[in-house]
Amino acid sequence: MTNGPQLRLGESLLPGILAVALFGVMAMIALNTGFADEMVGFPEGISVTSEIGYALFDFTALQSTEGSIGNTEPFLVSFLLVAVVLDAALDAALVLAKRETEGKPIAALSSVSTGDSASTQPAATDGGAEDGSSRSSGGEQR
Amino acid sequence: MNVPIEYFVLLSMALFSIGLFGILTRRNALMFLMSVEIMVNAANINLIAFALYHGNLTGQVFALFVMALAAAEVAIGLGIILVLYRNFRDVDVTVPTTMRW
Amino acid sequence: MEGLFDYAPAIALFPLAAFVIALAFGPKLPKKGAIPGIVATAGSLALSLAMVAAVAGGEEGYYHTTLFTWAAGDAAGEVGEGIEFTFGILIDPLAALMLVIVSLIAFLVHVFSLEYMNAEGETGLPRYYAGLGLFTFSMLAFVYADNLLMAFMFFELVGLCSFLLIGFWFRTRSAPSAAKKAFLVTRFGDYFFLIGVVAIAATFGTLQFAGDDSFVAAAEAAIDDGGQLFGFDAETWVTITGLLVLGGVIGKSAQFPLHTWLPDAMEGPTTVSALIHAATMVAAGVYLVARMFGYYALSPTALAIIAFVGGFTALFAATMGVVKDDIKQVLAYSTISQYGYMMLGLGVGGYVAGVFHLMNHAFFKALLFLGAGAVIILMHHEQDMWKMGGLKNKAPVTYYTFLAGALALAGIIPFSGFWSKDEILYDALIVGTEQPLIMAAYAMGLLAVFFTGFYTFRMVFLTFHGEPRSDVAEDPHPVGWAVKFPLIALGVLAVVAGVANLAPVAKLTGLEIEFLNEWLSSGVEGTTYVAYTDALAAVYDTGYIGTESTTVLIAAGLSLLLAFSGAGLAWKLYNVPEPVAHKERLGSVRETIESNYYQDEYQVWLAEGLTLPLARAADRFDQTVIDGTVNGVSSVSLFGSDRVKRIQTGIVTNYAALIVTGFIALVIVLGVLGGWFL
Amino acid sequence: MAVFELPDWAALAPALILVATALALFVIDSINPHTKNRSLLAGTTAVGSLAALGVAVWFMVAGVGTPTAAGGRGVVELFGGQLVVDQMALFFMTVVSVVTALVAVASYDYMGDHAYQAEYYSLMMLAATGMATMAAANSLVTIFIALELASLPSYALVSILKDNRGSVEGGLKYFLIGALSSAIFVYGISLVYGATGHLQLEAIADNLQGAGEYGGLLGLGILMLIGGFAFKTASVPFHFWAPDAYEGAPAPVAAFLSSASKAAGFVIAFRVFTTAFPLEPTTAVIGVDWTLAFIILAIVTMTLGNFAAATQDNVKRMLAYSSIGHAGYALIGLAGLSADGGEIVMGAAMMHLLVYGFMNTGAFLFVALAEYWGVGRTFEDYNGLSNQAPVACFALGIFMFSLAGIPPLGGFWSKYFLFTGAIQAATANSAMLIVAAALVVNSAISLYYYARLVKAVWIEDPVSGRDTLAQPTGLYAAIIFAAVLTVVALPVFGPIADAALEAATVAIS
């Protein structure tokens, strides 16, 4: 680990000016926006939580029609999609985090020729300058 | 006590800029990730405040989804940081510069 | 007769077939692909002649059909309906004439190649014949294209083929670079052409050359309406688009300032030069102007520019031809100069004259190049004229045919070149009497006649007359029938082709012998000579010096006088046994010392005092301004590239900072414009 | 066409087939976690994406998504307008699935010795699902989620060669910039929500009139959305990840990202800006024409991409920059929109993305082939490859000339339409003339570096001592197929152009 919790000042803070500038620009826009004084708010006596639940599963029939809370958009398809996204995230995170063990030092594309091709060179893509040195440092000798 | 919407917006913008500040000045990959989370949560503040402002729940529900997605993003981010560490022995995002120009 | 037209696509497809055959089976064929090429071009020639007959005998007098529709969009043009991209064939008198010329020259070049290439034991012959086939195919298809897009595509293909053929000897150092130069310079022009095509399509929604739904007709209607096109007057817009298309023409037809590729292109085989100069590549540009002449006729500005560029190029190239030693170089500059005449002719509204000269030039320039090829065979691939001499008696067929070509090129009566060149100059003169700019173009064209006569005969005398100046010139390599046949065929044409349009004689005697005039007066309505004459009446006033007859006589007399004096000067200077070294001449004939002295001075003044600096200046202009601009653009781009890619530092934090910077800049620009901050 | 009426949700079939394939791959993986049965895995992927392709094309031909007025079966709206299947959605599903199929086939050889076969393919299918869903998403919610679904597996795919520094570095940069961009994007969504109170695109458009006071806020939100699109499409200034990620990623993944992912980024941009922010009412609110932003971005993007590509030594990196340049060309599709039209430019941009899908995928797959051979990365390393692999090199020539826009290849036509469209759009907005000029100048520059590669492969003398090169079936098949599609795009360009124009017209109206 390079940097612990100690505070670094000096040049490394220079780009931070951009963030400050962005805040300035955005704040100017926000202050220049004519918001209405009153929030519409939610009607009394309605459980926001259950309304959220209904919106999640497209239970339009159950949604309250009082006030304008019924304007909430249906989210069923988003719910399903998020399920797939989480699947993908799990899959991806596992692939990345898995440590190759039990005699399976599976260096990427290290290779045993499959026989159907005359070439036994593994494909490799690394960019940049140091070519050969890169492959040795990976893996399990941490 | 009715806080005007401007304050929420300004708060979220400040939070967004703070997150951005972290991204621009921190070199630790984990810090980078946390800063992104701050920016995403700035958006969440907006969404929830505007939901109240407009009186519909779309923003609130969407904020839930944004949280889930942020979690998914972090999961992958951690995975990448892990392989980064294995390859470069470091989690400094400015170290890997083999590819440039 | 009309049924013949159904076979029209075959005119171009025959050479394409030859290309495929040469490419696929070339190495196994006895003559490495020459036979299919000869058969195919002979077939094309026969069909083209049949087309001429069909056009002459048919009721409509032309043939127009759409073969294939690429894409049709509902996108409306500025004026027209939907844009449609098609492939079609248009054979009218102009196209039929050009088809005959192209297929004839291609045929003769194929025959000539039997000896020039095959007999010399070249390697890579299948590639050569495949290239010739594809070249011929592209040009023929270009000639009968019925719309600008198709013409553009084949125009490009012609450029590609010339690249392949000029670079035929790709193992030498110079040939590939010459090929590259030819390709790049012409492509530079073609960019303008492409923009022009797009602009015309977007404006009128059609790219047809002829007929009621042609862009020419649409442009005419737009000008009559007096409306605005893309914020310009209709006429201004027509001028702009016309000039954009002209960019391609200037590149391909080697007009100033894009002529630089052509002399270099001599690196290709001489047969290829003959094809390029006489019938295909270079001719394509001028043909395109003739093809869409109706469009240019709508714009006096465009016409005047064409005329002026043409006149200037004619003179400019002719002066440069004077100082060249390589026989092919001389011919190369003469080509540039002669195409300048054609542009001048078209620019001053001499549609028939321009086409007439295109035809005559095709014959005599093919003849001269093939003749030069024969000389090169005789000389065992020596091209320096100072090492030749005295070939007259050793190769009489070559000599007399070459002489016929030279007389035609120099514009000596009654050879073909005289008639067409005289007609161009006459047309320029009558317009020039009313317009000073055209008068200047005319003057340059006229002056170029002198130089033409001079360099042509300098070439003839140095090559064929005098004493042999090297061992090979003493004992030249014999040439066979495959060389002699094309030379004789073209030689006859160079002598008699002028009969096609004896305009001065017709004007003086009142006889109706302007056959080409008649021929080009039929065809699709709106693309005929008659229609052009009407259109031009609005553009140019014409005037005579005295009566018409005196003007004709003055024009013809002046150009003849200059041609003769150029030729005469060459005769004086070079028709001597040892033309180069005046010191040796000093000792030989005492009586002529004085005249020798005079000649030397004159020669020195002409060559070093005037022409050489002119040529040098032209050359320097080429090398510094034009090449410099081209090189500058590329090095600026590459330098810029090097800077631009440095932004990518590889450090991800910097990326984030740059992203935020870019984003803030965008917010500020749009925010200020949109008033978000106030 | 169909004997029975399919239910409405069946219109999503292409996306559903993709996700089903991904799940099938999960199943295969869980039955046999260490399976190395590449034929099965790659085969399943290819079959799945081809099925999706087939269904998408079938729907398009059958008129699903074409408005009933135009003789079609009507635009299908699903889940309360959260998803919509129209011509544009199907068009882009076609692009995505054809690229996926090509990449899957090519990966068969390329990833031959990799440890995580099943994961690799399932991630690819999930990403493809995300892209297909992006094509159909009709609400900022679904757009954001689909975008994440496309992005997250992509991050992992780029860094899937876990022991390869380049791959990991590329993945890291892609991920970090991606995370930043999606934070900006979601913040933009929150601002748009703040200004209009809705996330569904039509609802946003309906509420624009009431948003008069929120001009700046909405404008900022729109710009932030543009940031998200720019990231996905690798446009300036959010392009920085692209060269590094493409260079580091396994070449088939780079092909996938630069073609399919870019196309998906454009479809959401097209949809959001045509549906949610119609030009006139939006201009009335934010005070400035948003096409201006795209005009600036288009010019800067194409110029930067092409200029930076010109002096690259590394072929893959050159292609990466050229891909940025092409994003600039496609941006013309948005820059050229105007109040009363613009379907030509947008249609042209869609055509370009389709043709680009073939030619760019093909080019990257050639790089994959070179990596498979292990010949090296630079132009010099590619010298004289045509002696040993003429077929692949011929295909490479086609890709390069098509990318450069040489007639008569597919790339010429789409650029030609873009140019024509830009010129036409110039009647409404004269700044488009600059864009058109930039397109021409950049195409000229691009010819330089594309031709350089062709020259290296065909003209330069071969590198001495190179071993004989294998002919991996899958890679070859994919490359040749891509080359054929690039060339075939020519005669079928009429239908493609019609389809794209029709889709654009429907989307705009």
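As written, the chains take the letters A, B, C and D, and residue 1 is the first residue of each chain.
We adopt the following convention: contacts are C-beta pairs under 8 Å (C-beta built on N, C-alpha and C of every residue); 3 or more make two chains touch, one makes a residue touch a chain.
Because the structure is predicted, anything quoted here is derived from the model rather than measured.
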Exercise. More C-beta pairs touching across which pair, B-D or B-C?
Worked result: B-D
Seminar exercise, completed: For the pair chain B and chain D, the C-alpha centroid-to-centroid distance in angstrom is 26
For this session: For chain B and chain C, let me know how many angstrom lie between their CA-based centres, rounded off.
Result: 66
Problem set entry | Chain centre separation in whole Å, for chain D relative to chain A (CA means) | 21
Problem set entry | Between chain B and chain A, distance of the C-alpha-averaged centres to the nearest whole Å | 9
Exercise. What are the residue numbers in chain B that touch two or more other chains?
Worked result: 9, 16, 20, 23-24, 27, 53-54, 56, 58, 62, 65, 69, 72-73, 76, 79-80, 83, 86-88, 93, 96-100
For this session: Any chance you could list the residues of chain D touching two or more other chains?
Result: 141, 145, 148, 152, 155-156, 159, 162-166, 169-170, 172-173, 176, 180, 184, 197-199, 215-217, 219-220, 243-244, 247-248, 317
Seminar exercise, completed: Residues of chain A that touch two or more other chains sit at 15, 18-19, 22, 26, 29-30, 32-33, 35-36, 71, 73, 75, 78, 82, 85, 88-89, 92-96, 126-128, 130, 134, 137-139
Exercise. What pattern do the touching chains form: line, ring, star, complete or other?
Worked result: complete
Exercise. Across the complex, what residues on chain A touch chain B?
Worked result: 1-3, 8, 12-13, 15-16, 18-20, 22-23, 26-27, 30-31, 33, 35-42, 48, 51-52, 55-56, 67-73, 75, 78, 82, 85-86, 88-90, 92-97, 126-130, 134, 137-139, 142
Exercise. Which residues of chain A touch chain C in their complex?
Worked result: 15, 18-19, 21-22, 25, 28-29, 32
Exercise. Once bound in the complex, which stretches of chain B touch chain A?
Worked result: 2, 4-6, 9-10, 13-14, 16-18, 20-21, 23-28, 31, 52-58, 60-62, 64-65, 68-69, 71-73, 75-76, 78-80, 82-83, 86-92, 95, 97-100
Exercise. Chain A touches which residues of chain C in the complex?
Worked result: 653, 656-657, 660-661, 663-664, 667-668, 671, 676-678
Seminar exercise, completed: In their shared complex, chain B is touched by residues of chain D numbered 141, 144-145, 148, 152, 155-156, 159, 162-166, 168-173, 175-176, 179-180, 182-184, 186-187, 189-191, 193-194, 197-199, 217, 243-244, 247-248, 317
